[in-house]
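Below you'll find the structures, each written out as structure tokens.
Both complexes shown next keep chain A, but they swap its partner, so chain B is in the first and chain C is in the second.
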Partner chain A sequence: MTVIMNNLVIPVGEEGRTRALNEVLGKLLELGVVDAMMVPTMVTPGVITYLLARDPEFARSKAEPFAPVMPVNGASFVAKVVSKKPKGKVCALLKPCEVRALTELVKLKQAEADNLLVIGIDCLGTVARGEYEKAYPDVDRLSVREACKVCLNPDPPDTAFAGINIGYIGLDDGRCLLASLSPDLDDRIRGVIEELGFEKGDGLADQRQAALAVLKEERGNSYEEFLRKTHAEQDDGGVCGIAKLLAACVGCRNCRVACPVCYCRECIFDGDVFEYETRQLLERAEKKGGLKIPGETLLYHLTRMNHMSLSCVACGMCEEACPVDIRLFPLFARIARRTQGIMEYTPGRSPEDPLPFTTFREDELEPR
Partner chain B sequence: MEAAVDFEPKIVAFLCNWCTYTGADLAGVSRIQYPSNIRPIRVMCSGSVDPMYILKALLDGADGVLVGGCHAGDCHYVNGNYKARRRLAVLQEVLDESGIGCDRVWFRFISASEGALFAETVHEMVDSLKRLGPNPLKAIWFA
Partner chain C sequence: MRIGVFICHCGLNIGGVVDIPEILQTLAGYDGLEYVTDYRYMCSDPGQQVIKDAIRDKGLTGVVIAACSPAMHESTFRRTAEAAGLNPFRCEIANIREQCSWPHRDEPRRATQKALEIIRASMEKVRQNEELSPVSIPVTRQALVIGCGIAGMQAALDIADAGYKVTVVERLPYIGGHMAQLSETFPTLDCSQCILTPKASEVGSHPNIDLFTNSEVHAISGYVGNFNVTIRKKASYVNWDICNGCGLCMEKCPEKTESHFELGLATTKAISIAFPQAVPNRPVINAEVCRHFTKGKCGVCEKVCPVGAIDFEQEDTFIHREAGAIIVATGYDLHPKSKVGEYGYGVVKDVIDGLEFERLNSASGPTQGEIRRPSDGKIPKEVVFIQCVGSRDQEDGYPYCSKICCMYTAKHARLYKHKVPDGQPYVFYMDIRAGGKGYEEFVQRATEEDGVLYLRGRVSRVFEENGKIVVFGVDTLSNKKVEIHGDMVVLATAIIPSHGQTDLARLLKISTDEWGFLSEAHPKLRPVESLTRGIYIAGCAQAPKDIPDSVTQASSAAAKVLALFSSDTLSHTPEIAVVDEELCRGCGVCIEVCAYDARTLDIRRRVAVVNEVLCEGCGACQVACPSGATYQRNMGLAQVMSMIDAVI
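Entry: the complex of A and B
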């Protein structure tokens, strides 16, 4: 699916790329083409969170669009902001995995895309939230998270929303940013951006694409290697491997909360289905001689894999959220690759691709 | 495999009310003999079987799970069996990757008139599970 984007060059001056991009973000608010803007911000030194800005000056001075930290996959927040048809136009500046998760949430009817302007931004990886906070401002030596090292999509998808993509990968001199406008972008917003007087940047777009192609090939290889390696580490050929991996689980459900695509408002694991009476627990313990408490941890994780692995965008937030450091990302990455593989589904690629569980073909998946 | 000789697998069967459950009924009234290893649970549609039910059965010690639905094009609810086929295919991948193995979960289309096929399927599944041996999850207390 090739989308012809309109490419404009945002020059970066002495004050750096954050200033240059924030100027554009502020302009969108100032001219009233968007009513609010959700952007990453730094609340206290080293602490990154999201800001829903209405005041253009707030956006200009406080937005941190390039902060290499993702405390939560922002798609969950956008879904909360635009869960019902918003009256005003909300703009959200998101990293590629956030855009892809949001695409899934829109398809799952958890977010309303009609009055939403998505600005996707290239991402070369984020560092763990805690590490960033501790090391700040000496953050250059930090390495990015495991999930980011093998991320196959450092660029936001062109087809996801009728929005704007901000690119910098491959534009190494840091003297400019590339704004790619979707052909379906709202005319008013297009007008405002074009009036800012940026030059056309199709040549730079080609340069970025070439750099992305090289990067994606490298990442593709390291991803394969990562899956192979972690499979060897975590899988013992039987069920003991996964049971051991998940044995430390304390049942806090943080991975579920952090997961942008685990969307059920009411989870089966929060209901009373699994609130056993003492008698039932004793019976269950008797069967095996003893029972791990909290129980049902394997059931919980396997159920989650069934429910969300098709929409998994590999952001790795599940692992970040785990208080007992279970290596969930490689496990979910392997499962997701298999389930998405048989369904020939790429989550977050396009709102047009139907969710696999909402459709079927009469002639498929045989023999069962 | 000596232990497998006396091993009688327990199979939890989720059977569609309109096809497979009626097929199982027909096997019964037709006096077709088949092993008593299955524990049938009647559901309104194979499409209503959440993979979690299957996982729960396996994790609580069932040696196998059989899901029975209508033949292609015959679903009482138009396309529940096709949706079940997708869910089961995803579940099989999860089971395989997690080491539980996909051979313990069978999904079969058996119509109301196919009592003999139902009996034959149970025979086959019991034989297959006897070869596989008991569900290893039964012995893992920390799962």
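Entry: the complex of A and C
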């Protein structure tokens, strides 16, 4: 599935790439082709959150599209903003893993893609939120998160939304940005961008693709290496091994709150089903001689894995959220790779790919 | 909850393996247990009395019957409980026979432990069971019959005669199916048309039958008692309401074409009635060959029709009907010519199949009933019949037996001999299967009275040489190679499901076997029901069979429909899925996994909704829903967790 994009070059002047891109973002709001825009912003020095801007000046002056931090996978916020089809057009500027998570949410009917403009942007990795805040503004020496080091998709997918992708990987030292417009992009938006008079950038697009190919190959290798290494560390005999890994879990459910594709209103583990009666708890304790509290740790994690591993976009936010530093990312990355492989499913690629839960292939569970 | 547990010995089936006295002892004192007892045969009248008495005397609010599979006696015991005033859905079966004493016969200790766990799990379940009452479904007392061969006709007539309206949909322009093409029928050798035509005209004129020929089922929705059908009536380009069937149009039409009814052995016109006795007796224009449609000029029929019935502008029309029950009787096809190349079929003109032989032998057929071979019209002096062509053939055909070929081949060989007394029929066969009243005698007469030569063995090759058809085979009884230089070869090709049957089955959401025959709900005990309630099957659509069997099955399917129509409401199990709207996020995953189309998404409220009647309580949605927002009544997640707790 390849999509022919219309590539334009956004020149970057003295004031830098943030300024250049924000100018375009501001224009979209100013000319009324989008009515609201969700962008990362810096609320206090070193602290990045999201902003739903309606005033073009807000977008121009406050957007931080290149900040290398992802406090939350923004897909969850977009889903909140467009849980119903909005009256006007809502735009969201998202990193590749956010775009992919949003695609999953759209398939799961948790977000309305009609009247939504997604602007995806290349990402070379984000650093841990806390480290960024502490080091700010001296952030260049920080290294990116583990999940980002092995991220296989530093570019937003062309096939996910009829939107715009902003590319910079492989382009000359930040002297320009590449705006790739999807062929199905809303005509009014296309009109506004084309009117800005940017030059055609097919050559640059090829240059970026070449750089991406090299980068992805490197990432692929580090990913394999990472899986091998963590497999050796973590795989300690099936279920018992996983139980050991999760031993410190306090059952706060932060991981599921941080997970962009965990979309339940209330986690089933917080509902009546797992609210045991005194009698049951005592009986359980009696049978085993003693009962670990908090209970159902393994069941909770296995259930979550069962529910979301197929849609897991490997953003690693679960691990970021864990107060007791459980190594959730490698665990989910390894599981997701297997389940997604079995179902031949790439989450976030396109809203057209059916969710594996909803389809059936006779051979899908054959041993392999 | 005051729970009573009743343990059945099932003679020695359970009691011989599981240590019931020990279970009685261990259970005593279990939380909520009010009463526990055992009995030799719980399902017997005195056994049921034990249950009833205990419910009344001990004031039980839930019972567990530890016995055989719920598939056997769940409904019996639920009725028993109800008779004693307990809500039947507060009665649960703990299966300690099929799932315990039988498979663990050799390990009585562990079987006893397992039985105890199964009983405890059921107690946990019943502890949380709600009192339920069945869902009531209205029934539209009208039937739909799809396919109008002998099976469809019989079913339609039986239902119509009982006083209910029947809509019949037949895709050909005429009714009768394959039986209309047969000449004489085994085992009595009476003329097929003579017994078919009166029935066909009865179908055509029955006040309770609404007949749609040249029509197909286009769409179907709904469920037992309440199906909605859209019928596509294909354009015939003749207004049948005013046509009087005079046939002038056919006489004058200048365009000839192969007759499908005659299987290509004769020609017909672009506007035609398939055969003289056809019901309804109305012509259809074949637009693929009609000059008006292919060349844009002609219109002879339009000119000669005395009533102005020709209507070149006619289009397909769509008709809606309601039905409470459906009978599918879409019949069969024969294994196609192209697949039996080694027997020269489709290449050598005088290699024909059984139905073609029927046409040659038919008084109204292309040769007026004289056996003349297709290539040169000569009377064949030696005819070789080959059985099991494509049937019982693991490699290139179908592993099953087509069931009727032994009989019709004996019939063909005999009919041939009656018409060509100096001719010699040979039959290559694998086995002769002539089970049926008067069937074996019929085959015996073929050899004894009519001198048919039966050769046991397979034919390896059939080819043409010097105007003769050479058949190479082996006689496995004498172990000799056989080479016959005959004049005509008749292949008993396999019976296969009619083309399009799998698509129809998909439309109706009923299942087929791997060959495409419709699956019955139970091979022995429910042979005319599909697995979908309200849809029944009859005739060769289910499996190859002869006319008497097709008629029998059709009448049984009709009897099932009549039983369904005996009341204007039906009851449906209340043990079905329910959505907790507070928890549902409207993701729709459950909707896709529901095999019964019982779920829809309420777009406005963004929650899943269950159609109570369609839900079969399979539980797939409960498994698929990540939020635990959908659950099955009396099988909720909390219940399942407690049941697991009781076991581990």
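Following the convention adopted for this analysis, the second predicted complex is superposed on the first by the 360 of 368 C-alpha atoms of A that agree within 3 Å, B and C clash if a C-alpha of one lies under 4 Å from a C-alpha of the other, contacts with A are read in each partner's own complex, and residues count from 1 in each chain.
In this section, contacts are C-beta pairs under 8 Å (C-beta built on N, C-alpha and C of every residue); 3 or more make two chains touch, one makes a residue touch a chain.
Bear in mind the structure is a predicted one, so any value in this text is a computation, not a measurement.
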Exercise for the section: Look at where chain B and chain C land on chain A after superposing the complexes, then choose clash or fit. Expected result: clash
Exercise for the section: Tell me which of chain B and chain C touches more residues of chain A. Expected result: B
Problem - Touching partner for A:292 - first (chain B), second (chain C), both, neither - result: first
Exercise for the section: Look at A:279 in the shared chain and tell me whether it touches chain B only, chain C only, both, or neither; answer first, second, both or neither. Expected result: second
Exercise for the section: Identify the partner contact of A:339: answer first if only chain B is touched, second if only chain C is, both if each is, neither if none is. Expected result: first
Exercise for the section: Name the contact category of A:153: first (chain B only), second (chain C only), both, or neither. Expected result: neither
Problem - Which superposed partner A:357 touches (first chain B, second chain C, both, neither) - result: both
Exercise for the section: Could you look at A:76 and tell me whether it touches chain B, chain C, both or neither (first, second, both, neither)? Expected result: neither
Handout entry: Contacts of A:110 with chain B and chain C, given as first, second, both or neither
Key = second
Practice task
Give one of first, second, both or neither to describe whether A:236 is in contact with chain B, with chain C, with both, or with none.
Solution key: first
Practice task
For A:268, select first, second, both or neither according to whether it touches chain B, chain C, the two together, or no partner.
Solution key: both
Handout entry: chain B/chain C common contact set on chain A
Key = 268, 284, 287, 357
Handout entry: Touch list for chain B against partner chain A, complex
Key = 51-52, 55-56, 59-61, 72-73, 79, 82-83, 85-91, 93-94, 96-101, 106-108, 136-143
Practice task
Flag every residue of chain A that touches chain C in the complex, lowest number first.
Solution key: 108-110, 263-266, 268, 271-274, 279-280, 283-284, 287, 307-308, 355, 357-359
Problem - Touching residues (chain side chain C, partner chain A) in the complex - result: 31, 582-589, 592-593, 601, 606, 624, 626-629, 636-638, 641-642, 645, 648
Problem - Touching residues (chain side chain A, partner chain B) in the complex - result: 235-244, 247, 268, 284, 287-292, 296-299, 302-303, 305-306, 309-310, 334-335, 338-339, 341-343, 356-357, 360-362, 364-365, 368
